[in-house]
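This is the structure, below, for whatever I ask next.
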Amino acid sequence: MSRQELLSPEGLRIDGRRANELRRTVCKQSVLTQADGSAYYEQGNTKVLAAIYGPREPRLRSNTLNDRAFVNVEFKVAPFSTNERRKRSKGDRRILEIASAVRQTFESVIVATVYPRSQIDVFLHLLQDDGGNVQACINATTLALIDAGIPMTEYICACSAGYIDETPVLDLNHTEESSFETPDLTIAVMPRSGKVTLLQMESRLEITRLEDTMLLATEGCKQIQRIMDSVVRENTRDLVEKYGQ
Amino acid sequence: MTTTSIRPDGRQADQIRPLEIVQGLLHRPDGSAQFALDKTSTLAAVYGPMEIKIRDEKVDRATIEVNYKPLTGQSGVRDRWVEFNVRRTFEGVVLTALHPNTLIRIELQESRVHGSEISAAFNAATMALMDAGVPMRTIVGSVSCAIDDQGTLLLDPTEHEIETATSFHIFAFDSEMQGALFNDSIGSFTPEQYNACHEICRKSVSKIFSFMRTAVEKKLLTQVQQLQKE
Amino acid sequence: MSSSAPSPFVLSAAAFEKIAPEEYYKRFTSQKIRPDARRFPAFRQTSVQINSISTAYGSSVVRQGNNMVICGIKGEVAEPKFATPKQGYVVPNLELSPICSADFAPGAPSELAQTISHRLDQLVRTGHLLDLEQLCIVEGAAVWTLYVDITCLAFDGNILDAALLALTTALQNTKLPRATFHEETSLITVEPTSPSTQSADSATVALTVARPLFAASFACLPDGVILADPNATEEKVAETLVSIVLDTSGQLAHVWSHGKTAVANSPTIQACIEQARQRVSELQNIIQLAAPKA
């Protein structure tokens, strides 16, 4: 890719955002009728749908764990989600990597011991791809799990950050992400306890800048948490009202 | 309706091609049959009732599985569509409640392709199920028809006739021949044309049934004669 | 029901439905009503949303009761068949992913998904939904292949109706980028390269759907009861399922009936066709509402 102006002289990014600005984030719970819990999460032009089925009987006997629930995560990319149509097979490494990142992240917060000998399925569907798939998947999963009423010790919020030239930037979009000179760091934190459950980084970043970048991404997580929190509260209020009648 | 038009193979518009049935031609399956409409022919094999995987088991009836293999090439969405329809039809015909917790497998293989293969598949499956002695509430017979761009009804069309037709209709009937057990029509046609297709197929399916009957009678007769010799 | 003997065992409605679904339905149908409060000929509320996926050439989201399908269209340049040098390809594919219902397992596409995909493919080709010659770029050298990917996000029966509506409306709103053929290099360039920059409509070519097709499906229950637009439970208890596909002029494009018992010959099909006619005009209104304001 030719060296595109990722940052204008005025300090604005190609989509018009400032360096430390999140993309427009919209989320919604209980969007699917058939699933036990579901959520739709949109960050800029990245759109993800999450559905939870379970706790239910494990499909395979080998997945039956006697002391806790088995958490299964499947990630799918819609063929029309990217500019180039690509039919991705189920065994695509990139897809498996994201699915396993989500699974490992949530195994630390889901209280799986209350559902022994059962399976919790998390199905993620990427409808439109504009960078930041991992963070969108994690945030959508948090909302869907809350919607399904699966006990968790805390929220998990994820956000990405990177460096363009000398400027730390928050929440990279696809163009920024795919420029190979831009380091891209995704972090998932539990906002209340401040614990980090996932830290991924691609490309090269100076060690002295790592802390800055992490702090910026964590700040992004806190902003996202506020958005998610208000959606959860609103959804719960609606539910209480409906059941109150 | 005029039926004077002569088709390229010398048939009348409402004439079906010469039929041929061979039952019990395979040794390994519990029942087998080949059903041919002249140059179109399908081979069917039936296994079961037999043991079934626990996951597919039904406690109150037998599970029916259908596999359809094309003559050439890889099997694709069209074959799944045939399997779906054959399975749906025979689920209502086979007395599955008599064999709970078992599997009845119907294997269908195209052996010659020259139009109206799906009808041949339905008929072959019926004959193979009969050969296997699987209890059924009725037998199933199927006939196809097409309407060409002149609006002429062509019974049991060949591959070329289907390709140039404006609509193509597949019907399967039970032995009461009142209404269709299965019907799949595609193309562009009016309700009147649809009714005409239904009627012509309904009438001519009796020929298929009587031919099936003759085939079974012949087979039984030879078996009886063999037993008498011994 | 005070006349019946008092029994300590009380069966809840939900349990009754699970144990004896046919009998459960009969209790409702004898009162001329369905468990979801619909009358027999009533279709579920249907809505269409156009072009909500900006990475696709055309897209639509269809909701029909609890059903939700999303359809996205992407194009690729391909070589035409020798026998049909001017015709492009349309490849419909329906996916019933595990996201849409607890009944679908992950893995290879289900039999139902493939059956419906084949059906849609036939409706496009044999049913002449689209004139495939408008997909021609250079005769004999390059044509468009349109991949119509339909993903079901929530499944509640009668998927053919929803999938066909999604396919028709997405194709009606598809804009292809302009493709140019360079003689000297015999390469094709496509402008604009990404659909998201399609805001300038001048560079794109809108697709025309020659024969928009609409489906209406019915479940036949014993005693001649015909339920329009069956949901997943109604499909399971039905004796026979009937699907009718019509174009806007009332001409039939497809009739599909399959099931346990013979459809009480033509009267049933005739009644279904009549109801399907009304449904088509209903759907045309729904599409009109969804059309982008000029």
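By letter and in written order, the chains are A, B and C; residue numbering begins at 1 in each of them.
Methods note: a residue touches a chain if its C-beta (ideal position, glycine included) is under 8 Å from a C-beta of that chain, and two chains touch if they have at least 3 such contacts.
Since the structure is predicted, the reported quantities are computational estimates derived from the model, not experimental observations.
K.L.:
Following contacts chain by chain, what is the lowest number of steps it takes to reach chain B starting at chain A?
P.N.:
Contact-graph shortest path, chain A to chain B, evaluates to 2.
K.L.:
Sort the chain pairs by how many C-beta pairs are in contact and tell me the top one.
P.N.:
The largest set of C-beta contacts joins the chains B-C.
K.L.:
Looking at mean CA positions, which chain is nearest the middle of everything shown?
P.N.:
Taking the mean of C-alpha atoms per chain, the most central one is C.
K.L.:
How many Å are there between the centre of chain A and the centre of chain B, using C-alpha atoms for each centre?
P.N.:
Going by mean C-alpha positions, chain A sits 52 Å from chain B.
K.L.:
Where the centres are mean C-alpha positions, what is the separation of chain A from chain C, in Å?
P.N.:
Roughly 31 Å, centre to centre.
K.L.:
Could you state the distance in Å from the CA-based centre of chain B to that of chain C?
P.N.:
The computed centroid separation for chain B versus chain C comes out at 28 Å.
K.L.:
Using the touch definition from the top, which residues of chain A touch two or more other chains?
P.N.:
Chain A, residues with two or more chain partners: not present.
K.L.:
If I count partner chains per residue in chain B, which residues reach a count of at least 2?
P.N.:
none
K.L.:
Which stretch or stretches of chain B touch chain C in the complex?
P.N.:
So the residues of chain B touching chain C come out as 76-78, 80-81, 83-85, 88-89, 91-92, 168, 173-174, 176, 178-191, 194-195, 198.
K.L.:
Any idea which chain C residues touch chain B in the complex?
P.N.:
That would be residues 111-112, 114-115, 117-119, 121-123, 126-128, 211, 239, 247, 251-266, 268-270, 273 of chain C.
K.L.:
Which residues of chain C touch chain A in the complex?
P.N.:
Residue positions touching the partner: 53-56, 59, 66, 68, 70, 72-76, 97-102, 105-106, 147, 149, 151, 153-156, 193-196.
K.L.:
Once bound in the complex, which stretches of chain A touch chain C?
P.N.:
32-35, 45, 49, 51, 53, 56, 59, 74, 76, 78-83, 85, 90, 121, 123, 125, 127-129
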